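Next come two complexes, and both contain chain A; in the first it sits with chain B, in the second with chain C.
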Partner chain A sequence: MEPVAILLATAAALLSVIATYLAIEAKDLLVATVFSAVQSTAYALMYYILMAPDIVLVYVPVSVGLLPAVTILLIKKTERYER
Partner chain B sequence: MKARELLIAISIALMVLLLAYVIELGGLGPLAPYALRDIARAYLEYVYNPWNVTASSMALEAVTAIVWDYRGLDTYFETSVLFVAIVGVATLYRGYRELRGLGGVGLSEIVKTSTRVLIPLILVAGASIAIHGHLTPGGGFQGGSFMAVLMVLLVVVFSLDYAFEKGLTSSRLLAIRSAGLVGILLTSVALLIAGVVAGAGAYVFQNMAREGSDLSMPSWFLDRPLGGTLFLFNVFESLAVVSGLTLTFIVLALRKEEVDQALATGEWCE
Partner chain C sequence: MSDYFSLMFTVVLLSLVVNIGIALYGIFIKPSLVKKFIALTIFSDSINSFAIALGFRRVTGSYPGVAVLSDVPRGVEELRHFSTASVDPLPQALVLTAIVIGLAVYMFLTGLIMLYYRHYGTTRVDAARGGSRE
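Let's look at the complex of A and B:
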């Protein structure tokens, strides 16, 4: 692989780790959902760099579109802040 | 987000980086070889191979060919699992009634106008991913979830009332979903039925001619490779996925007045 591609993949991977930790720590569940979407975006970029376009096409709508939509619906129906 | 949390997150990321470096150096055991394995090479050779049709699926996309042809039964059961999950969600809310005129107005006019511009773009992108699933990356599930995002956008931006008014009711969605599944079922046994009728040998999930069976799905449409069953599977799967995911979202988005019906009766009510 190209060195630039490896660097990009590494940066995306590190961003996903940071976003995952922040999503777990956040007490505001809406903020946690946004961080989770950031992590998914980084994963989608990694899949693309690792030459798996099929997974990218299923990952983008499900984890950036549908999963946050359902999570936000559930937050709206329950509670926004974690106790 | 406090500075302390960010600091901990960055240190975890650094730990992952160092761990990856150690693995790359081979410090935690031998690494998988870079060379192609035999099974991968066999798939690459046979996925589109007009000189050896009995081992080929005549599709240009290896992933779709493996998912729906070489490993078709696995994917069939995956689709069934998704269907059972959606039936579970519908059962949990059984007895709800879709009410009109609860006063949902949706988002502002600016958002509505820009969504109107987006609707055909997402629809065309999703449909092309599904229909070209045997030629380019993508397939039925990918195209279906693209179009499901469009439906979610429609419900969120224009309100649930508008969606019901436009005929996006759950009974209709369930009907589309079931039609898609029946289509998948019929496609998987189509050549078997043809074989029984014609008195020739055939297999379940058969795509191209195989050893002991001369029957074959069409492999060309005008000047394009069609992939036989792959095209039909992708189309039906995208229908099933878009209606199933939309149904789940609509059922989860029901208002309090509608769910109260289910709580009051606990059974289906007309």
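Let's look at the complex of A and C:
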């Protein structure tokens, strides 16, 4: 149980680093939003393994559902490409 | 086994530090306000993850459990075992509050960015100074 769990947490952390880098470097803001959601998913998995399931219940709807939706609406109202 | 656990946990913490660094770079360097907004959400999530990792606890022999007492403890011994074999719930409560307050702040920032775009016609920060930085 213990080695597999901590290995999964490490994999999620490394995935979040890659997703963060791609989100910051993407010129298309819609792509950046999607990578930000990927990073949030990795964090949610990490919270679950670090024994905080109550955080996961709040974090997943807020950071994977609501926040990308609001960001996509914002991009729709303003401009899509970063210049 | 314990070395393996410590190494993996250190990798998790270092990944969070790297994430904080990348997000700060995005907040300070990127000119687009929407990109700054995305970087700010990543930054605050990384700080919250740090607090969660702070409350995690090593338990010899087993994996720590969730800090929930599902039954009335029968004695001091059981309570003591519970307090040493579960993670710290205080950072989790703080992070829960921080996530909800952060959501309200993000909504406010979204409205501000939209008003900025209506006024200046762009989301670049240097439009407010009347010139281009590049």
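As a convention for this text, the second predicted complex is superposed on the first by the 82 of 83 C-alpha atoms of A that agree within 3 Å, B and C clash if a C-alpha of one lies under 4 Å from a C-alpha of the other, contacts with A are read in each partner's own complex, and residues count from 1 in each chain.
Definition applied: a residue touches a chain if its C-beta (ideal position, glycine included) is under 8 Å from a C-beta of that chain, and two chains touch if they have at least 3 such contacts.
Everything numeric in this text was worked out from a predicted model, so none of it was measured.
Trainee: Between chain B (first) and chain C (second), which, if any, makes contact with A:32: first, second, both or neither?
Mentor: Touch partner of A:32: chain C, not chain B.
Trainee: Report for A:70: first if it touches chain B alone, second if chain C alone, otherwise both or neither.
Mentor: Touch status of A:70: both partners.
Trainee: Between chain B (first) and chain C (second), which, if any, makes contact with A:43: first, second, both or neither?
Mentor: In the superposition, A:43 contacts chain C only.
Trainee: Given the superposition on chain A, which partner contacts more residues in chain A: chain B or chain C?
Mentor: Touching more residues of chain A than the other partner does is C.
Trainee: With the two complexes superposed on chain A, say which partner A:54 touches: chain B (first), chain C (second), both, or neither.
Mentor: Touch partners of A:54: chain B and chain C.
Trainee: Under the stated touch criterion, which partner chain does A:22 make contact with: chain B (first), chain C (second), both, or neither?
Mentor: Only chain B; A:22 stays clear of chain C.
Trainee: Quick check on the superposed pair: does A:5 touch chain B, chain C, both, or neither? Answer first, second, both or neither.
Mentor: The second partner, chain C, only.
Trainee: Counting only touches as set out at the top, which of chain B and chain C does A:14 meet: first, second, both, neither?
Mentor: The answer is both, since A:14 touches chain B and chain C.
Trainee: Name the residues of chain A shared by its contacts with chain B and its contacts with chain C.
Mentor: Residues common to the chain A contacts of chain C and of chain B are 10, 13-14, 17, 21, 53-54, 58, 62, 66, 70, 73-74, listed in rising order.
Trainee: What does chain A use to touch chain B in their complex?
Mentor: 10, 13-15, 17-18, 21-22, 25-26, 31, 53-54, 56-58, 61-62, 65-66, 69-70, 73-74
Trainee: Once bound in the complex, which stretches of chain B touch chain A?
Mentor: Of all residues in chain B, those touching chain A are 1, 5-6, 8-10, 12-13, 16-17, 20, 63-64, 129, 137-139, 141-142, 145-146, 148-149, 152, 156, 245, 248-249, 252-253.
Trainee: Provide the residue numbers of chain C that touch chain A in the complex, in ascending order.
Mentor: Counting only chain C, the residues touching chain A are 1, 4-5, 8-9, 11-12, 15-16, 18-19, 22-23, 25-26, 30-32, 34-35, 37-39, 41-42, 45, 49, 52-53, 55-56, 62-67, 86-87, 92, 95-96, 99-100, 103, 106-107, 110, 113-114, 117, 122-124.
Trainee: Which stretch or stretches of chain A touch chain C in the complex?
Mentor: For this pair, the touching residues of chain A are 1-3, 5-7, 9-10, 13-14, 16-17, 20-21, 23-24, 29, 32-33, 36, 39-40, 43, 46-47, 50-55, 58-59, 62-63, 66-67, 70-71, 73-75, 77-79, 82-83.
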